[in-house]
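Letters A, B, C and D name the chains as they come in the text, with residue numbers starting at 1 for each one.
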Amino acid sequence: MSTNLETTNLKTDEMIINMGPQHPATHGVLRLILKLDGEIVRHVEPVIGHLHRAQEWQGQNRTLFQYQALIDRVDYLSGMFTSLAFAHACEQIDGCQIPPRAQYLRALVCEMNRISSHLLWLGTFLIDLGALFGFPFYPFREREKLLDLFEEIAGQRMMFNYIRIGGVQRDPKPSWFEKVRKFTAEFPDRIDEYEAIVTQNPIVLKRTKGVGILDKSVAMDYGVTGPSIRGSGINYDLRKTRPYGIYPELNFEIPLGQNQGDTWDRYMCRILEMRQSNNLINQCLDKMPEGEISGKKQIAGLRIKAGEGFSAIESPRGVLGCYVISNGSDKAYRIRWRNPSFCNLAVLPSLLIGRPISDIMAIFGSIDVILPDVDR
Amino acid sequence: MSQTDTNKPNETKEMELGKFGKFLKDNGIDSTRKDDSINVETIVISVKDLEPALRLLKTSSETKLNMLLTISGVDYTDRIDSIYHLWSYDHNDALVIKVELPKQSQANTDTVNLTSIANFWSAANWHERETYDLVGIRYLRHPYLRRILNPWDWEGHPLRRDYKQLVDALNDKNPHSFR
Amino acid sequence: MSELLNNDLNSTDLARENAALISPELADTVTLTSIDKAINMLSQIVSPIANLARSNSVWPLTFGTSCCAIEMMCVGMSAFDISRFGSEVFRATPRQADLIITAGTITRKMASALITLYEQLPEPKYVIAMGACTITGGMFNDSYSVVQGVDRIIPVDVYLPGCPPRPEAILDALLKLQQKIRTENYAKRRVQAYQQRPVCYVDYDCGRPLEDLLAMAMEDTSLALDQK
Amino acid sequence: MLANSAELFKFTRLTLIWLTLIFGSVWGACFIVGVLLPTLLLRACDNEIFALLAQICQYLTPLIAILVFIPINAMFMVLVERRGLALFTVRMGPNRVGPDGLLQTAADAVKLLFKEDIIPTGADAWLFTLAPIIFFAPSIFGSIPLLAAITGNNDLFAITNLPTGIFFIIAASSVPVVGIVMGGWASNNKYSLVGGLRSAAQAISYEIPLVLSLVTICYLNQSLNVVEIASRQTGGFLNWNIFGGGALNGLDKYLNALINGSSNANDILQAYYPSNQWILTVIAIAGLVVSTIIAFFMYITAACAEVNRIPFDLPEAESELVSGYNTEYSGIKFAIFFLAEFTNLFIVSSIATIMFLGAGNNPIPQFLIDYLFKNVTFIPQTINAITQALSPLINQIHLINPITFWSVVWMIVKTYSLVFFAVLVRGTLPRFKIDQLMDFGWKRLIPLSLLVFFIVIFAKGVINTNV
């Protein structure tokens, strides 16, 4: 290769640098091939698939009951949502009824999971900005409390396997609800605490304001969803536009970016979203009905009717879709995931070109990409 | 592992044209409707109509299906479907477009060919690459049609029903150990 | 150094069955300098002290692929606090780390990168295979793209099961590793270390294909020529 | 903080033990080389060669002191940083190795010594090996003139009392960047290269405000000699250079006279600040005090940038450039980099202490003591009695005369406060971007430092006759 390049009159002032797959800022195993002019990025080539674990292939080779345990790993930070999308798709095909208590429990744990996911995002975002000590410890403190709550109902800290086809796995004890209430009561103060440290910080402001402006038309062209597009001012949240579950009965607002859709807006959107989620948890707790928790018997030979269904829910990262084609057996014929991170990551090159290296971390962090969600 | 034909989902009957089918017919694009997805209009169109139909649906102010959710490829052993889920950022309509690509009609039996829409719809770029990688639909005129999830020198398309898993030193246990 | 390799290959008891000889292009990335030789001699005398010191300052590499990486992050946070054991210094570069915690599934595409990382770690280096995926392939055992156990490509010191393991389990694995370090003979390990080569047959090219890069370069050149 | 009070107590205990260790060992080394060995040599044989050898031994004492001090001190500072950061984030920090984790960094150092020493393919082996040395050596030589100021001009260290001390220090402190660039270039790694180049750019832009703020102080004191600058700041914090370098001198004397009931208090005030042009004087004093405070913070900022601390740690920005210029360094070479980084931090902190914070001088002004203990006379009397009782003992121990002892104690307190402040900043702030860093350096700090310099010149001119 070198001989070939030497014979041609290449420009000598550009440098190809390889970021990842092992790099502290790429949140795992993303690889970015950057072409740099000094410190300015001239060309970006994301290479993904370093964590391709063949989730879709597993989906058509395992029984539905087995596969339910696997899908938490599609997006490990929001396992409840992936479970929910899959359960929704299967329930659409099967036509089974979900008891109201299960619906409320689903919304409750999903909103809790949204908070825990955003908290982890906040920590890693600040690490990306260069605050290696100090800041990141605060969000993790609250996240541990949430994980303890999850552990109590699902038996696992991250891989819940809690939402099942037809309902949820088990009914929490009354004391658990009290603990959740305790958490929600003190959580707004905690958000104030983060905001006090981060939001007014001049260096954070300098590094995020006007950086990585995601244009509305570009975002729509790439199919960007979630807080990333709401930061650009497009009011698109499936909980409002295509309500599922019990969301029509709940009262909440969709936070939107106030400026032009820069990194700062995306940060602010997520902060406000955490407040809204905290609100939603309280509402779910207030309205929680009594009754059954599952409309379908959870057995190893779980089957659904033949047919195909597409369900989409609003995960912390955007529209998480699951397309299930069933032939009536205990295995799905084809499962296809529509992952928000996959679509949001595709827009990254257009944001990075012309920016210095330091902005890569801020922009990439603000899009909130989870690599197994990209690679499946 | 290969599935037998009996496991294939049942083919459904054709239905009358829906809202979008009629809209496409008004603009000179033929389609047939199938009632497959739950509560969502599903139409099948031919290969040559795909690009104009999607262009029309994306840009027309009447439909404004400007959100390409996903492109999926499904291997039905005798044919491969390329399925487009279209939504809108502005309203609640949804449309599923299927393009059926029979395996026999293609000259090259390894991959089947289809027109790429990545040139006017950026969202399609990676989805098409992924579908090419996993299912093996070759999208013609794609700006950069390379494997995206698997290494670029990978052999075979894993989500084909007749895919034989590579067994080597990295992965030599019984491929069916869990089932 | 190649002499060292050839002579001791048969005598070592740690050599893996499929240990390949170091390939020529990798041969000089790891060089024994004169400082090393001096330290080698010295280390035979001070091995116990060295072991005590080394066991108490195990710096992990920030290497995480998936779910386990999150738990690996949690273990550094206030609730679990790995810093008590002197291991909170997560180094981003393999040159300064002692330990890879392979947190998360290793796929075929990632395998070559992991091997490179392992090669880049300076001796003495250790590996904790964290999580079911890296021990056997775990839940994704039969996936076409998953390596069925990280010990197929690099030697592993401590196996840490769980999916993902709790942070406490990581601390436990770290303590097990510290025990192991305390009991080994440092000088002997250095001689044997070069036989603990990873298998080198993972040759997937994971980046942009070469012909694409060349095409890009040609394109740029023609553009530049046009501008002139 | 309250919740973590047990940890705070342990931290304090640890600090005290470590400091005792450091200064004990330095004293021991100095005593052996500077006092014991010459004495023995002279006793052994009374000829010229032995006398010369004894002389050489005494001349070597400063160097020995530095060579003993730097590694132990750097290890201690790493521990302070790790424990300090743990303290801020409600953790415990390293506490398993030795009592209270006392030996954690020693274990790290030993481990790094035993790590494989890698020279990567394609690296320039000579430059690669030379880079850490070039990075480290200036911190040894640069700190030599500080010794005389730190020890209160002790006889043994008088040799280090250079007339142009601060000039020497500044010259030495701008060398390490060569080591960084060298290491970055020689590593054959693009991240290292970018890190090295960033470091060069950063050092060039922050050298200027750093030097200008020091020059301001040199101008105020009309000396380049650190010992002299230190000695001009005696008698309480009002005389420190951070508060105008003598502009409040008269106020100090006035208050002293006032509290002691001296009759000529107003005369003193009149002498220092003549009332016939009081508006101009007040403006000048205020300008001087404000300028020097600004100069101090400018120095701190620029020094942070000089030693690559957060928020200016761009050359080794961990989340961007993996580890920056030292990406390819392992084992002992990395240890030297690590050592030098913390030593540089210590040196810039001690320069700040000497130049701005009164060096080894007592920060409590006499009038305050007089005021507080006006009615309770037995406390100063007791202190005096104890000091007098102890001073023969202190004098007995060679090298430690009371002046040196208290000077070193106050230097430690002030310098480590600044170091702790740097740790606190590290636990608080995110990192700048390189363009913002340049922007801040060239467009804010340099004009500001020039402005401060001019204000100081004019204000000093106004009150020059009196001070």
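To be clear about the criterion, contacts are C-beta pairs under 8 Å (C-beta built on N, C-alpha and C of every residue); 3 or more make two chains touch, one makes a residue touch a chain.
The model shown is predicted, which means the values in this text are computed figures rather than measured ones.
Shared contact partners of subunit A and subunit C, listed by label: B, D. In whole angstrom, the spacing between the mean C-alpha positions of subunit B and subunit D is 68.
Computed centre separation for the pair subunit A/subunit B is 25 angstrom, with centres defined by C-alpha atoms.
A separation of 40 Å divides the Cα centre of subunit C from that of subunit D.
Within subunit A, residues 23-24, 49, 52, 54, 57, 61, 137, 141 each touch two or more of the remaining chains. Annotation for subunit D: residues 89-91, 318-319, 322 touch two or more other chains.
In subunit B, the residues that reach two or more other chains under the touch definition are 149-151, 158, 178-179. Taken as a graph of touching chains, this assembly has some other topology, since it is neither a line, a ring, a star nor fully connected.
Residues 1, 3, 7-10, 36-40, 66-70, 72, 74-75, 83, 85, 89, 92, 96, 121-123, 125-126, 130, 134, 147-151, 158-159, 178-179 of subunit B are the ones that touch subunit A when the two sit in their complex. On the side of subunit C, the complex with subunit D involves touching residues 28-31, 33, 35-36, 39, 43, 49-50, 52-54, 56-57, 78, 81, 83-86, 88-89, 91-93, 95-96, 98, 122-124, 186, 190. Every residue of subunit C that touches subunit B in the complex is listed here, in rising order: 18, 108-109, 111, 137, 141-142, 144-148, 152-153, 199, 201-202, 204-206, 208-209, 212. Chain contact summary for the complex, subunit A toward subunit B: residues 48-49, 52, 54, 56-57, 60-62, 66, 92-93, 218, 220-223, 234, 236, 241-242, 306-310, 312, 319, 321, 323, 325-329, 333-334, 336, 338, 342-343, 346-347, 375-376.
Touching subunit C in their complex are the following residues of subunit B: 144, 146, 149-154, 158, 163, 165-166, 169-179.
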